[in-house]
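In the two assemblies presented below, chain A is common to both, partnered first by chain B and then by chain C.
Then we have the complex of A and B:
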């Protein structure tokens, strides 16, 4: 009989309850989307931050001891360190690239300038620095050894363009490189020339030596710190250091986004409860006569209000379930708009969304308490 | 005969208005009592107190050994469910429940529902072809017969009817009154408020109230 009564109650007030249901679905959809976002935001944010370049640097200990990772430092290490790091590679490691910096002289026709030459894996830094704008495009293979990437400022000063040749000289050594592309990084890289690592080693005259290694590792600040510590233990003679500015900025942004999400969820819960409250207040007035009659028939107030609360609970559960489904679509849309990739829907958000929606619906059903004060004699008299 | 109702010096005050003023009478099991009197004389207040819907200001109202004046809210709820059957002038059926469900609602609040029993109760009042009808699709007489079936479903000790024919046309009035006559013949105890003296004459005894006082009774009903 309980289920029969419940069904009839829901059917009888369907127009009024539909308003509350729409409010609950809308609230649940936004909550579900935001909670999905909250659970995925760290992963998305770290992916976003990975476009900012390396977040771990490995260098000889004395090279980093002073003023940070200076490319001007003459301290070098063996290139085989890269193999050690590659052996420790986890799926979180997006890119690894060795660097060797040389301050050389660059000559093109009548121009001659001192310039920082960075030797690296030209086909590998694309994953390390995906945000760089490279025109006409990245170099696909490191096998074409005499191709180079030229920073925008260097290209302007030396009148370089793709296809042109440039001579680089250092301490009696010289190499000739062909400009493959011009890069815009918005940083000091715009003043540098990027050549293949063996070319830079040849220019410096130090075969199989490198200055530092940059890594781009996905994960939270703690995960990056932890990976850096493991690297440090495996390479005790080297300095392994996470680039804190990026990790800290990431952590700060994450905290702010989470605070925003929490505040919005709270606000939506309150607004949804208010909407349900208004509907339930009207419903409670409508049902005074039924409640008076039920009391006269011997219905206890706990049993009568329990029936109405079950109705609200069903409404909340339905709102939560439908809202969760709508929230998946919403989170996909938010993810694509904000991060350029869909937020992965999580099934464990479903019970949370339903529980929150049922809780809000029950909180909004407070006016039903007034039914406890209904005096059947007064109601049945028609006063 | 066994005494079912004992009312002694019953008083009910609403603010400055004394709705009942020292009413005393008794009802035996199986009796049909008509409570009569002009509007505002306290008839409805009297049966509301006997049905546990109102608390008396003073005096005793004992039904089947239970003094309703001494019951708390929970006790009154059980009292109404177990001992009283109500029939109202306005029928008071739940609009979104079928005739059958309206009868089962009383079962639900009493203990457990028994659909077969509820169907039988509606058959008893001649509505076995209206079981699934909503009240809006029933005539006034049919609605009142559903209310009678509902009032009887839990085998109450006392049937309280407040102007049960007040909203019915002559044909339906006759159907409902015949129903009460049958119930009386089966041994049900009935207290019925009515303005209609012809209905009053069908009762075993009549109690007349005016300004909350018992002013006229037949000899058998008067206990003072």
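Then we have the complex of A and C:
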């Protein structure tokens, strides 16, 4: 009987309910889209921050006394450290690259200059340093051993252009490299030449040795710190240091941005609730006559109010569910517009959205309390 | 007559107007707050980004290549070109001078040191001459205080920084740990042309190569090398706007109008161009890691915020429209009565719209004031600085309030125009 009454009620005022449902759906869509976005935005932004370059450096412990290291001839470590790090690699590690620095003499035709030569994985630094401008383009494979990248100042000083050859000499060793591209970093790298690691090792005459390893790791400052700690435990003889500039400032900025978006979302939540509230209030007003009739026919107040609450609840649940689906589409669209990548839909937003929508719908039905005061005679007379 | 009808309606039944008015106030307050924050956020975030430090690097267009890795130039001091310290005040005279947050000169020199009263032998060390907080005279007569505190804010110091011109030094954390140097000890530093004894006032940790070096005031470093008034590198921290399509073009190929627009926008490229104009013979480059990241994040957060603001505006509009619709519907009986007394549909609509308009102006105005307060609180809690009120938003908000209030009542009014007075008055 209750179910049938409910069904009839829902059917009889289709038009009015449709309006309320649209309000609920749009409200729920906005809520679920923004909550989804808010949960994903930090991850998306930490990815963006990786254009800052390496944030963890692994190097031989300089502080060890008697290592004989000086700024011009830094201590070296074994190349196998890279394998140890690769073995500990998690999905948060964006890039790993070993570096070996040599101060060599570079000669092209008749100019000859001392220059810093960095040996690394030429195909790997692309992921480590996405902010660099490389013309005409990055090197795709480290198999072509004789290719090199030259910094913009080096290119200008030596008159280098892609395709030209350059000879590098150090302590009796010499290598010849072909310039593949010119890089612009806005830092010391503009004064360096990047060659493949084995070439630099050959130049220095130190097989299988490297100077340092740079890592680009995604995540919050704490996650990076804890990854650095784990690396430190696995490599006790080496110094593992997170680059502070990046970690600190990044954390601060992320907090601000998240707070900003969260505040906005909260505001929209309140507005959406207001909108639904108004619609539900209008619905309750319209119901006065029905209530008068029911009361005149002997319906109890609790039963009548129960009936309307059930009606509103069904409406809220349906609105929440449909709104969740619309919200996922909305957040996908926003993700694509803003980040160029879809936001991952999260299932745990669904119960939240439905609960919120039902809650707001029921709150909107508060004016129904007034129905208890309805006196059938007055209403039916049409006052 | 019309005015009296509207006035009567307000005077007789103020409670009915309350719901719409409340929705208008709340909705417009939210709209004001989000718009104020959204308009402010670019500037605020750009300022926050300065915690990443400098975003521009100025070097002499030198004849030799700096032998630099890990942040330290290992060239002998007598090689290569230098920049002149006396020119630095000109940086605060460029078009975008207020966007120059700070700048710090650096002079690197290889040196040797011993710790006094320990009697050890001389060890190799890199000395870095720089400013922590230095008052730079600006050609317009004022001074500008800048240094590491502005361009390298993430450097952490235990103890105290050297004060400008005082005989003291700061030791890198790794070096201090290796040599067992503590605050208060005296270092004897030897440069290429002279030597100095300086007390250690602090231990600095930067996470980079400076951890291995001794930092001293720039003037002392210049004395040690005999390079008076000169330095190698200048780090500049400037507030910039993300690059866009129009800023990517080469200034030489721009039309005069494009050039003016580019010059008068704080793009990193136009600021570097202006710095180059006041410091001739230099090479000014954006530090791409910082500049690129800043540009990307600012563009993304900006776009995200505008979308969210749009959502807030739509939500506010819907809320107001929904309440307006409710109030009109509620007054069906009144409409019926008016029609029965001979009012035309046009008159009824005009009456209702006039009421809504008055509500919109009042509600929008109050909402605007409330929203300014809200925006202040948001700015305070998010960025630590209250957002400045923008009076220019007032007409926008009032227009928005009028628009949504009127649109909200249009649909129910259309329905009201189909009302037959008789059934309504009968109560059906």
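By our rule, the second predicted complex is superposed on the first by the 307 of 383 C-alpha atoms of A that agree within 3 Å, B and C clash if a C-alpha of one lies under 4 Å from a C-alpha of the other, contacts with A are read in each partner's own complex, and residues count from 1 in each chain.
The criterion applied here is as follows: a contact is a pair of C-beta atoms (placed from the backbone, for glycine too) under 8 Å apart; a residue touches a chain by one contact, two chains touch by 3 or more.
What you see is a predicted model; the values in this text were computed from it and never measured.
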Kindly classify A:265 by the partners it touches after superposition: chain B alone (first), chain C alone (second), both, or neither?
second
Under the stated touch criterion, name the partner, chain B or chain C, that contacts more residues in chain A.
C
Look at A:100 in the shared chain and tell me whether it touches chain B only, chain C only, both, or neither; answer first, second, both or neither.
neither
Counting only touches as set out at the top, which of chain B and chain C does A:25 meet: first, second, both, neither?
neither
Is A:52 contacted by the first partner chain B, the second partner chain C, both or neither?
second
For A:8, decide between first (touching chain B), second (touching chain C), both and neither.
first
Look at A:155 in the shared chain and tell me whether it touches chain B only, chain C only, both, or neither; answer first, second, both or neither.
neither
Which positions of chain A sit in both the chain B and the chain C interface?
380-382
The answer for chain A against chain C in the complex is residues 23, 26-27, 30, 33-34, 37, 41, 44-45, 48-49, 51-53, 62-65, 70-72, 101, 103, 113-116, 118, 129-133, 153-154, 157, 184-188, 190-192, 241-246, 248-249, 252-253, 256-257, 259-261, 263-265, 267-268, 270-272, 274-275, 278-279, 281-282, 285-286, 334, 337-339, 380-383
Once bound in the complex, which stretches of chain B touch chain A?
44, 48, 51, 53-54, 73-74, 77-82, 84, 86, 88, 90, 92, 94-97, 101, 104-110, 113, 150, 154
Note: in the complex, chain C contacts chain A through residues 19, 23, 26-27, 30, 33-34, 37, 41, 45, 48-49, 51-53, 56-57, 64-72, 74, 110, 124, 126, 152, 154, 156, 174, 177-178, 205-208, 212, 283, 285-293, 296-297, 300-301, 303-305, 307-309, 311-312, 314-316, 318-319, 322-323, 325-326, 329-330, 378, 381-383, 425-428
Once bound in the complex, which stretches of chain A touch chain B?
1-2, 4-5, 8-9, 11-12, 289-290, 293-301, 303, 375-377, 380-382
